[in-house]
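First up is the structure itself, then whatever we jot down about it.
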């Protein structure tokens, strides 16, 4: 099992969620983060002076998936989150030793 | 060493924290997330129209643990977070290559 | 590739960001979390009664790095985040199976 | 005393409408009463609703706002339908009559004393609106909205309206000479006692005294507190029914009592914990304001300061007693702050009305002990009546619809479960 | 009727400045008009701006506040430069003259009726400030700030000023006897219609009706709603230009209509969804307030309640029609609430002004049908004029600068992209 | 000039209490002054406190609210104890006497001019409350609460009270004919200068000019700004002490100056950065309001607009100079906005009071140059006095308790460390 963590643009969340649902992903966990990267930040004005803000609002999606669907999931995210501009984001894949469903105590792939 | 990540219901946080403290876990990191899964979302009203909201507030707990206590920790979380209803949440276990305590520079299990 | 996750004190974020930029790290992802650990929490007053709060605001930084710079990155974080007081935070290192840049579809170390 | 004469004139005018019509409009009095009415509305919406909303968890913020808002609207129509008439029309000792039901007969030319009757109707309406909104704090975060609304309307009819008639509509408490300028008994004692009863009937929130239930936004609470202070100028200052010396003195002593109550509470916290809290200072302010309310048009500046200091101090310890001593979850401390403050101020009025302390002086035939007796009777009668009737009404409503939401709703929060909304999407 | 006489006196005084100067100041009237002016300002800033700001996504919260604020300032200077003069100086049927441009000739001693002319200028200024701010809700979250400001200023000049002259400055609608006490046509119909036109010209927000666009802070919206209610007392109560029976009755019926409108909307939601929402109740309040506005100084208490119930109900269904039926993204429902409410109230005024329903009675020579005809003409004329001119102005402005922000700006949010700021760093 | 006469009457009444008692109450004047008092209170709580609170980081939001609140309360009791008496009782050139300490002798019948003395006491009290609250912005996010409170109370006693006596209590600046209608010198110059001194004595916040210290909620700041505008109508409009032509003109020019100041600042930002910010427009508003304050009851509409434009522009560049040029961390820009604005307006009053520009005209025996000289003396004297005494008081307080919190507290935030609370748990 793998944990797929994607950092995407906030307004793409609905598209990504729909794309994942479409390929049968049943669950995901989402949080608000701030990103720093190649994408230029913006400037802000404060009482008549301008200064640079480096951090950009991003959304993080975490999806635990079985190994066999890993590539499909990555493709789905890439397709739905892509805007072809710097700052579209990244996907990180880590190995999951185990997954447990709290309600039932099930473990492994059935718990996903 | 393992990193145990649990997605639980927000109001269970105190119970889980107490359960972990009880078995000697000394630290954890908590954040607010939104979950999407088998648990049905709710409907909201906006100016006289009703629409569905899929994301549900959840709390994420991350705990780094030594290998030998992994099962105790998982059991403690499962016991304290369980409500026997869909949406109780998941636990994800990943391997930790290393842990560093910033203050001392200690690494490995002693840094936990 | 490794994913380096650091839990630090919020007011150290700028220092850490600068230290990482200085050694050539091009990106990172940041979020607000609450920490529980050896560092004592604080007390709060509510309508004339005092009670203990265990959770402390912390900042989480996630950086994906190539294996060869891992140690440099860890050192940079330790140096810039250290205050020599309990609660300076932790660094967790996990193995990354893969990294994908959404914009280009690049994978592996080039995607970082 | 000028304002006594004026109040007498008003009472006469109520009894003899023809006299009222004969009296000339005073545009200055009217201007101030229009303003005061607006101020008391503001004190409730957004004032009080915000003060309370900041104190609950974010999953219940809208439920508190909704409860205050719905009460405000429902009470307005109740006042229109029968309330005004039952309080201010007719001379019964216990209750007025229905001659002015649906505000019938109130035209562009109707007068009450020196102001248009329409203005008097609105000003008094704001009082029936805010009183039940006060007790929302007692059962916050767990009461079922339908039951809440039913209880509040019945309470307005069966508790507020009679008590207001007793004290301000020429009823038996007015007859024996109770001094209650702006609602120590009618508003604060009745609301405070009913909040306590409701808290006991509904039971504590899940987790009360086990995990800290922390305010989700003290910023909102402090904003609401500032609005309360501002609006209270209309509440007390408007209760003289004109722009006169009594209004001015009411505003002055109200202000001084708020300041003194705030500093009293702040000082106690500072001494005990070395940390004066902003919630502490604003709670002291509300205590000071609630305590001065019944006395505000009768006492002088020194009375105002002393009453404020007493209010801040006594309400502090009352809060400790109820919350930490008796472990009663009167969630936003309505009884210890409003109930205790209102009762205390009603009793202290018996002292500080004395001309010796710069007050307006005792009414003819009254002296300190006789006045004190009347004040105690006023507090006990209104408090006991409110407690008993509130209990009965809650039991009655509980037969029709659950008083308390179920466990899931309480855990999920009332906002989403009962109102289909979230307070924040930030 | 006292207030009719008074309005007549005001009109005379406008026509014959010498008469005006001769009239004595009434300090009570002046006090109330000073207060009313402050209340209407408050209704806009922070009131309306907050009500709207809570309803948008957090990335656009500042843009809404900024739009309201900039409109308020720009309209003030427009009023100073030519607005006041074009509305209130001169007797033209279509437009006034420029005799008082730059407020020339207005001194410390100038009078309008019983109040200083300076006060009259400020009070009326607050109306031109709030009217274009209302339509900000129509094009929220997507209009380019420069275009917005240009459009609003031109609109003030070419729409508000003439229409205000027609109705309140002695123009043709005043001549035929239109009853519009505080701006059902001048304010609500014109703003509502223009919001709808702007929404159509700009097009829907990206994602409208596909993903839920949820309010980022209903807490703010409810606070803004409370401020609107409070400020509306000055809006309607001040429109009698003095502290008199008409002001009192206006305040009373305004209040009752707000309460009735709130409960109407709440009840419908409760029946449909079993969940009465706080956004619903406050929207019903705005509907009730908007609907009573034209009628407020003419009708009695029963009229107030019935008009409120109609306002809450009709505006509810109008909102469904525009939003879900026609799928027009009048983002904050300005047309269905203000436009429809203002029109409805203007028409209902023809009924409830009747003395038979406790109203002030028809003017001499008017009866129900003739009054109804006048009211319908007033609504149609102001609505059609506002629609056509708004459309033309938007097309004109679009030639100079883009009306709508580009896709990236809309996705990033207007706050950072157009104003270089973020609403929250919490 | 009517209002000159009136002010004279007031001054006479202060000197000859028997005359005061003899004067009849004017209910209209009283109504407006009751309202104005409420407005100025509101301007501070929640107004100013919110304006400031939004500008700091969320870890310090409560500390700012707490500082404003505690100052408000402490100043009220100081005013009660000795302040009112030292300012308004007695004829000394430098300071009044203690005849009215503890407000002794002020009864339900005491009069000041045409209003009850109690109302005059409250109105003036709101000024001593808000003035030290203004300088909280200078040392925000780093001053120790105990030191802050001690400094503020001493400052009220040793700076505000004498200066208020000089200008408004019949002292030497009144004698030489200083025009300061509502507090350009007494309020804004003294507060602005003292904020600068405090910023210098305490030193900059850690990280100032290294990392951006961004406002945690501009929404709050804009709400506070709207409240300031609203409340300022009472601040300036109430300073005529009645509902008269001067009050009306003060309100009109105050409004115009706020609008003009806002647009001036917005325009400069737009030209420089292509992004007009909402913080910019509201800062321009405060600049416009502060600048018109001393002139508000003397100038005409054109004066109001020009003064506003000057205020917005000059304060903009003053802010750049202090913050980015001199790198002084006057954290919320109190000196460049209030100090500079207040001084500028006091000086501009010498021009625009001229009847030639629509002002009220020079007092007898005054002409432009002589008036200008007086105004400059007023600014320099009050500014220098405030600077020197503030410096001395800070050094004195520093001997008793640390002026500045320690590093850990500054990093953790003052809310948790000093007040045991968090602003938000959302």
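Order of writing sets the labels: A, B, C, D, E and F. Residues in every chain begin at 1.
As a convention for this text, a residue touches a chain if its C-beta (ideal position, glycine included) is under 8 Å from a C-beta of that chain, and two chains touch if they have at least 3 such contacts.
In this text the structure is predicted, and so the values were computed from the model without any measurement.
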Chains touching both subunit A and subunit B: C, E
Both-way neighbours, i.e. chains that touch subunit F and touch subunit C: A, D
Steps in the shortest chain-to-chain touch route ending at subunit F and beginning at subunit D: 1
Chain pair among B-E, C-D or B-D whose interface repeats that of C-F, sharing over half of the contact pairs by residue number: B-D
CA centroid of subunit B to CA centroid of subunit F, Å: 52
Subunit E residues counted as touching two or more neighbouring chains: 26-29, 31-32, 35, 214-215, 217, 243, 273, 275, 277, 279, 419-422, 424, 426
Interface hub residues of subunit A, defined as touching at least two other chains: 31, 43-45, 50, 94-95
Touching pairs - complete list by chain label: A-B, A-C, A-E, A-F, B-C, B-D, B-E, C-D, C-F, D-E, D-F, E-F
Interfacial residue positions of subunit F with respect to subunit A in the complex: 212, 214-215, 265, 268-269, 272-273, 275, 277, 279-280, 283, 316, 319-320, 323-324, 333
Contact set on subunit C toward subunit B in their complex: 2, 6-8, 31-38, 54-55, 58, 60, 74, 77-78, 81-95
Touching residues on subunit D, where the partner in the complex is subunit F: 1-3, 26-29, 31-32, 35, 39, 57-58, 214-219, 222-223, 225-227, 229-230, 233-234, 237, 242-249, 251-252, 255-256, 258-260, 262-263, 266, 273, 275-279, 281-282, 285, 300-302, 305, 358, 360, 424, 426
Partner subunit E, residues of subunit B touching it in the complex: 43-51, 53
Residue ranges of subunit A touching subunit B (in the complex, touch as defined): 3, 17, 26-31, 64, 94-103, 105, 111-112
